[in-house]
């Protein structure tokens, strides 16, 4: 293993291409064609883009779950060659273990790291409260609503306290109110614990509200980076931010970008 | 060359340990004897299946007559093929079965024929067949290939001029000879008590008693010995036959004890049938153990004609060792 | 006529129509047992009846009453305890070994494709070969003592355990594997937390099937070489066509099997308590 | 030193490092076959070697070369064709019947809980009972002809098929049932479109296990009251200790079994082509 | 079966309560406590409410998939006692048959009704195009992105041409652009084919844009109807509608309602 050395960037993607082998035909589908981006330590980056453009694919490659066939993906100065304990993923489909209760699922990440039982219990209970699922600790996933499952998924990733948080549409099944609460909690945790975050969303306003930078991917499959916009809104952000003219301008700009991209 | 005599004898001893456990539980064996067992030679003796024909063996086991002769016998019932294998490897130093023992002696010079514990007094039962000659064109049942039952049937058929396989077909039906006759699946088959009593009850006809017919062969329960073991422990084999003789004599006087032993080992609980079987077999339990050379000759010929062509090159005298049986007298 | 009146006319899935009477209550909470017991009782009665009216010969088919008599006699005989202990310990040793080796082997075969490619043809062949014909050889290889029986039971029961475990592993929902993998979990951690729990039904079915093989193995093993054991008793009784006694042995062995199966099913219910019923 | 240079130093899962050379190409596209064949060849060579250096007695273990000689002789004898046809047709009839009855029965048992409650104890008992001890009775019930053998094969192989199908049905993802149910689909439509496809791996594993039982059933069935068949030949050879010939029979039966298993696996691969590989 | 008789309403829910039996504890969880609502034929009703309040539960009961323990649910004058061919459901989790390709899944509903093969092929191909998945007809569900799966789910329900469409967050995984297209297509189909629609969503603007009436459920479990608002915006609606002051007022009103509900 190459030595870990300090770099300016937490994550560097250089001309990354990712393909799927389609078992049925034996052919390869280039899901991501050429994505280059850099994420600084403690930066919050949002990725938006049309459905099926390769956002989840890219995120999974960063998580180390998918190999890439082109370019380089470098995390903390070391090429990504598989998953690592420094990352935690909130998957698009909740992927809860159906035989574990809510608390069992939230614990899971910590358990795999061999965390002390008492700490584990405490941390996961706190996270369950945080995502608004207090009182549901001992339910099984199939006894939860869609939005509740997604929050368990989020709690699991947050509980394991990673350096790099990879979130794939974590709030898509939440109502407006819950979503707002979650957004604020996520920002608070991110700021307090100095994490780096990569966040996929379809809500442009959500992206602008959360991010330091919003990256727009082009239509897929075979997507490239269509735009990379810095969001200079002051932090901490709150409901007032959403009325800020700069906020609204950025949202409109990105919407325009995506609309043009589609044509 | 395969496994040596030493390992054969030792594995025979190993198994005897389990016999010790069962021996303690069986009625007659006293606990003091278990303490004295250190002086006894342990030996595994195998037989095929269980039947009234082994009467003295059971009695000897129950009354522990073996102990008087310095033996501790571990009696196992083995499959025909397992007996062949056990004799050759020495896992079973003494075994009683049919042609397969001769086969083992042909296949390996480690096996010799050391005696017999008598011939099985078969009776032929049939349904819907008036006489022996009427068997022509019919199917008869035998238990298994190469067993006493089959060879007895073959010589019986031959003695009345029918060619087995041509004039009469022989079908292996395992333990189901009686029911296959009574259900009309086969025309006839050889039985011994207590099955023969059931046959009588079912109205089957007794066409022949083999011990009454001249020239019937293949009915002897041939005893094989593992030669390396026998060479090392000739006394054990000799004593085995001596004990057997004593048990055999005892069966003639100790009817109740014999019946108990039979019931225990054959699982036949019908006391009436056992009684009949006892009376029938009584005179067939031997006190002499020499194997007739003609019998072995016959079995060699059968083997040569069927499954083991090498049997042609073997002379009966070369594989028989009647010295142990002779020593009994 | 308003809608609620109309609704009352239609029988639906409205839970308020749920049976209220005592018997129904009792029935619903014990449905499984009541139905199961009635099936068994019905069959036994039919059997006894057929024999009683002389439709078949009890010599060949026995009858529940005759089996009961013979059973009482056998169970109270001194031989029974020895037989039972002998057969039981062979079964536990052989089947236990099959479990301890079969489940991990199935997991490893399912998880590492190369290993599977290497051993699959051999396993296929071994499984397809009628090993029963080799039983005499077992006596040479493993001795006439407990060894050969344990080996027969082991070799009879390991295959369904391995094959079903393998199948369970191969059909894991790959989405579930993403989570431990994203945490860089070790293989053994994945086995413990995902592979095993998600393969429970397949493994349990394999164990249940293996148990059936093992019980047959007891009889086959004791048929070939034994002085005691329930299987040996059955074999001896079969030689003299004591059908009642054969059935007694059969019922003892099957009863033991049913008890073990029930334990296994309890275990399954424990592990699968999260599962939603597919029934309406 | 820039990041891309550094990256090159680390061996990773970069697909560009995929083997390029001819042999590797060939190996990867035939990996399954190559590994499988080497396993088999290795075992055969080991066997022959052990016998050649007199570590074991060929009388008990035979050897590949001896089996080959005996095999050629048997296959070219006139008896072989008759034996093969007899055993083959028994197998097809018995096993075919088990398939045709077992799969629907398993589905129905899995789908209708009441039916399952009713028959489950009986099935458990029947499966746990060592049916091999009843073989003599089969001759009486089904005759000495093909009937008793077909019955034995059928009763040997139906249980794994039923139990595994049942397990497959019980573990269907209930979410998938919502769709046909919301369209008010008939039960048979649900069986066809959801239950069967989703139970494919479990059923196939059951069929594979059942096939093994069926092959043993051929030998057991032909052990009693048969005049021909490969199993009969094996049994006779086994009783007279012709080990080479026993192995010839074993290999013919197992070979046949492996071919049928491969067909079944092909079928599985066809039905499971949508499945994502769980392996990394 | 009671005779079907014309009623003023397509669907009537009267004090409906729905409970789940929790296998683990044997207890019952009252997911929906008391919901009463009426839907007129050809009406488009949206349901909003906090995550876990019982929206999906109620929709499944209307679909005939869940029994209800209180009140009445009457469809076309007949009490609902099970599923029927007059309804089609877009489930919250896509519930695609993994062994069927996209076209196979879209066909599925029609197939169950015994539709003629040629018609089936034509209809499903058209629907696949409509949801923007042309070219993906022969992919298996596991080769699709989350948003693509959701669109297949939608296409299946639309293809089967029911009288009552039950949609459970059908657009939650779609990007803004695709979502707009789908909204417009849905409205077009609904209007052209004169269907009745019940639509669950978390996007308040989406609810107002689509619906004739928006129903707000209270916090669950044990939810009741918190509000039932008529949306009088003219039809056909388009992008311009979203700038209409009445539109914005309604959105704000509902947001306020939900926020108060939560407290």
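Worth a mention:
The letters A, B, C, D and E name the chains in turn, as written, and every chain counts its residues from 1.
Rule of thumb we're sticking to: contacts are C-beta pairs under 8 Å (C-beta built on N, C-alpha and C of every residue); 3 or more make two chains touch, one makes a residue touch a chain.
Everything quoted here is computed from the prediction, not taken from an experiment.
Contact with chain B and chain D alike is made by C. If you compare B-C with D-E, the chain pair joined by more contacting C-beta pairs is B-C. With centres taken as mean Cα positions, chain D sits 46 Å from chain A.
Chain A and chain B have centres, each the mean of its CA atoms, that are 81 Å apart. The distance from the centre of chain A to the centre of chain C, with each centre set as the mean of the Cα atoms, comes to 47 Å.
Multi-chain contact residues of chain E (touching two or more other chains) are listed as 24, 82, 93, 140, 142.
With touch defined as above, residues shared between interfaces to two or more other chains in chain D number as follows: 60, 136-137, 140, 174, 181, 235, 238, 241, 274-277. The multi-chain contact residues of chain B, meaning those touching 2 or more other chains, are 81, 84-85, 89, 175-176, 179, 183. Touching chain A in their complex are the following residues of chain C: 175-176, 178-185, 189, 193-194, 197-198, 271-272, 274-276. Contact residues of chain D toward chain B in the complex are 54, 56-57, 59-60, 135-137, 139-140, 143-144, 223-227, 235-242. Taken in their complex, chain B has these residues touching chain C: 11, 14-15, 18-19, 22, 25-27, 44, 46, 49-51, 74-79, 81-82, 84-86, 89, 91-92, 175-176, 178-179, 183, 194-195, 198, 264-269. Residues 60, 63-65, 82-85, 87-89, 91, 93, 95, 97-100, 108-109, 111-113, 140-142, 156, 160 of chain E touch chain D in their complex.
For chain B in complex with chain D, the residues that touch the partner chain are 1-3, 80-81, 84-85, 88-89, 100, 103-104, 107-108, 139, 144-147, 169, 171-176, 179-180, 183, 185-186, 306-308.
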